[in-house]
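Order as written gives the chain letters A, B, C and D; numbering starts at 1 within each chain.
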Amino acid sequence: MTDLRVHIGSLVLDNPVLTASGTFGYGSEFADFFDLDRLGGIVTKTVTLEPRPGNPPPRICETPAGMLNSIGLPNVGVEQFKLEKWPFLSSLHTAVIVNVAGRSSQEFADVVAALEAVKGIAAYELNYSCPNVKEGGLSFSSDARVAAEVTARVRAVTRRPLITKLTPNVTSIGEIGRACADAGADALSAINTLVGMAVDIRTRKPRLSTVTGGLSGPAIRPVALARVYELVRRVSIPVIGIGGIATAEDALEFIIAGAAAVQIGTAGFVHPDAALRVVEGLEDFCRREGLANLAQLRGSLQL
Amino acid sequence: MTDLRVHIGSLVLDNPVLTASGTFGYGSEFADFFDLDRLGGIVTKTVTLEPRPGNPPPRICETPAGMLNSIGLPNVGVEQFKLEKWPFLSSLHTAVIVNVAGRSSQEFADVVAALEAVKGIAAYELNYSCPNVKEGGLSFSSDARVAAEVTARVRAVTRRPLITKLTPNVTSIGEIGRACADAGADALSAINTLVGMAVDIRTRKPRLSTVTGGLSGPAIRPVALARVYELVRRVSIPVIGIGGIATAEDALEFIIAGAAAVQIGTAGFVHPDAALRVVEGLEDFCRREGLANLAQLRGSLQL
Amino acid sequence: MSKSVLQLPVIERAEAARQVVRLTLQAPEWARAARAGHFINLLVPGRRDLLWRRPFSVHRADRSRGTIDLLVARMGRGSESLAECAPGDHLDAIGLLGNCFPFDPGLHEIIMVAGGIGIAPFDLLLQDVQGFSCKKSLFYGARSAGDLCRSTLWAESGAEVHLTTEDGSTGSRGLVQDELRRYLGSSANHAGRVIYGCGPTPMLAALREMALALGIKGYVTVENRMACGFGACVGCAVELAEARRDGQKYLLACKDGPVFPIEEILFHD
Amino acid sequence: MSKSVLQLPVIERAEAARQVVRLTLQAPEWARAARAGHFINLLVPGRRDLLWRRPFSVHRADRSRGTIDLLVARMGRGSESLAECAPGDHLDAIGLLGNCFPFDPGLHEIIMVAGGIGIAPFDLLLQDVQGFSCKKSLFYGARSAGDLCRSTLWAESGAEVHLTTEDGSTGSRGLVQDELRRYLGSSANHAGRVIYGCGPTPMLAALREMALALGIKGYVTVENRMACGFGACVGCAVELAEARRDGQKYLLACKDGPVFPIEEILFHD
């Protein structure tokens, strides 16, 4: 069988398929549907320093081959996370990556510092790209200097693998990714959602309480792939591809373009076992193609 | 019947439905399918100073609720345009807006200058956002100073209504739109395509000869609407909404969000009379709602 | 019961009312486990352009046949297609989802209030409470006589049925909440009564007001937009009437609901 | 003839070969006007998730019945669904599109070369040239005997048919271009011969080489991806072997083609 293992900094994943932050809860919501240990890893919903209630409804709406969300990062806060959510996560054998966010670079570092004593966290993913949080969100992600500053601040408090998650809503994701790599990120993940909007023409109200929100799902896959390809050419650290991936074929596009791993988000809402199907589909593909390992595939784009 | 007329600078359109540049040829391709004079207007395929052959195949590929293109602005050049394409266009009673591009602000101005003597051109639309042209394209659109400079240069050579068409592939479309408005644009149109990419996993080749291309179609509608809404709040000139509009309902989302008019692109490939259906759908809607004119609808978003 | 994804054969299809179809699906385990309030989330066949599944309440369960019934009202793209499903088709479903109407055997009267397609969970509720001696009152309103989904269970369960239609073509003319208001107004003692509501938001808001004013305990089901149905997307937020001490302001319709104590939540359009 | 969008009733459906279905559509005007090479662009019913239409050549035209036939090979998502269409269904079609094979009555022999589903336009071509006395040779290759779409027109039109299969189950074993090469090699005089080709790119490339080497005139149809089919998207570019003097490097498969003089264009994968 093909060796599907992937290195993200010092972390070794059994396979390149992760679940995307905010779309897989803290794992337990999916435990009924399949064996979570078949995954390369789980990325948790974003954890912040203080508890957050999230945005008022309506928070979601369906769009062509996609959806808008404006969830607003509801979570119980890092201390309760450790008490309520970690016990289940720590019972898993798959890698658990904790996604964190803060309103300032200091707060990012504080959340991570608060998690350092927790045994078994495989890596951190920094979410400074979520477009629907008013306090800060947008500014961290859209300026290379600020983006690098956050990565550097967090780098200073942890030796665990550090993944910086990038927003596509910028002129040059390559520049921002490069700055974060230089500031000490072990890997980059991309993309977070695209800023989008929809209107109910009957009521003339925006379909989301926050007017604009984040677009995800198959609709954004071509955008995600272009951004991942741009990053792959700009940095030498691993890039994790995210955006509209629903099948092994989709994942293969990213891996061939150079992604080290992928994350499955929206697809899991519709098919709870979507991520497992991607793992199995990759296994099948590699077997059929007679590949010894994923490195033979990664970045094999024929130009 | 509702008065659907719309003002774009000194230009008065019979209704707010235009066809998008590069998706409607020079009009004649659609003449078999419906009476073009029912449209608010036609925007021509981009015209450049010299003839251009366009990009090598493959130039297009289908994506979820969308498509990628990398056509590369093939056109016969402005002089042949006047000889070959204008006679048919000038026979129409609908407004004909000529879309132009150049490799420098000087070249933009040169193309427009070459068209000034042509009688009957209703307006110009400046395409500096097409992401798949290597020489220049991207740079005009992603920097507010450069964007404004092009608008100003063209403004200096024409008194005809001037529409600047913006790319969504930037951190702040509002800033760039604002700069173009200040530099003399009479209206803004948005959005051009999103940069995207797709890979054929069988051949491991990019699906477009240019690797990346422009994403259009229903998939991008929420992104387009968010950008249009951002522009509407930043400028006081009319904003023309473009992106994934296929039905009157789609068009109404943009108008309610504040767009003065809309353009129909990709939808016309599948349903050649899509733009006409939008006109008729708007008429029906306004009749049902008992609206006297479009102004009662425009920007009526309930917050 | 653990959640799962099943392919359910369609066994029967019948027109239940104007624009409402009843589908009978083979699903033995769910037929056994389902209680009123539970729902399943269906992939819409032939509409691969719709990203999300569509949620439907379990309307009835025939435990001996191993089938469940759904009532599908034609509301839009997905429900139109589902309403066209026929015996022989299979539906891809996630279930069982959500919580159910709580029921206290000591109650004197359960008052079910249904607006339009909100009737769906109440057949199953009547099944659930069969064998309990409390009075069962059903208040059910629709636009017109042809829109009412009548049920043999009404008679079988001995329920007292109060029909209303907006056009007066059957029962009292008007809205179901007005009929209920008259009914409740005729007695001063509401001890041992509980209201169960399912229907459009204005109806639920009216029920809430009545229940709070008269001090009657009540439960309602909400029908928020759902991307997943099982707690993963956190999109189906329902606003709490009072934020919790830990700052929590919202519950999830799919996981904490769809049934909520009526005083606990606020209704949004 | 001006282009239009029509709703075409499906009249008949038959399995034409393994994985190939023949659909007969009611379309009187197009039946009259269609010539070999013309195609129509179909919306795929039940697959609203596919943005584009799917192009299919007119395979036959029955002018008296007012019908056209298509051969639909199951290649992917859209063609699979189209192959399931049955009498009673309607197909939303744009037509007639494209140009057609040019035909010169003074020719001595027309040599049709079809690879796989590339057979589609040649029934209509045989219909078009019926009544002309030239020799009609058809070279037709497929993977295996079961993949061949046989036609009554072969005998009716007096065509000399050369079948090849990759597995040798019918006709010569090998590729159709190799069979053609042998045939052409047996005579030195190619005057009055023309080659018409339709099939996979490697076959077209081989035909081009042969035609140029032997000085035989040839025409091929190409099957580029198409977003519109009527010249609007400029996406279906075909590369010219030599750029024109005005700098033009490409033609459009849907508008300038799908039939092109074989020497004029280059083939891309």
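Following the convention adopted for this analysis, contacts are C-beta pairs under 8 Å (C-beta built on N, C-alpha and C of every residue); 3 or more make two chains touch, one makes a residue touch a chain.
Remember, it's a predicted structure, so these values are computed and weren't measured experimentally.
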| item | value |
| --- | --- |
| Identity of the chain that, by mean CA position, is farthest from subunit D | C |
| Chain centre separation in whole Å, for subunit C relative to subunit B (CA means) | 47 |
| Centroid spacing, where centroids are CA-atom means, of subunit C and subunit D in whole angstrom | 56 |
| Between subunit A and subunit B, centroid-to-centroid distance (C-alpha), Å | 34 |
| Residue numbers of subunit D (touch at least two other chains) | 49 |
| Residues of subunit A engaged with two or more neighbouring chains | 63-66, 203, 217-218 |
| Category of the chain touch graph - line, ring, star, complete, other | ring |
| Touching pairs among all chains present in the structure | A-B, A-C, B-D, C-D |
| Complex interface listing, subunit D residues touching subunit C | 46-49 |
| Touch list for subunit D against partner subunit B, complex | 2-5, 43, 49-53, 94, 224-225, 227-228, 230-239, 243, 246-250, 268-269 |
| For the subunit B and subunit A complex, residues of the former touching the latter | 63-66, 68, 142, 169-172, 194-199, 201, 203-206, 211-212, 215, 217-223, 225-227, 229, 244, 249, 252-253, 256-257, 300-303 |
| For the subunit A and subunit C complex, residues of the former touching the latter | 22-25, 29-30, 32-33, 45, 51-67, 69, 71, 74, 76, 80, 203, 217-218, 266, 268-273 |
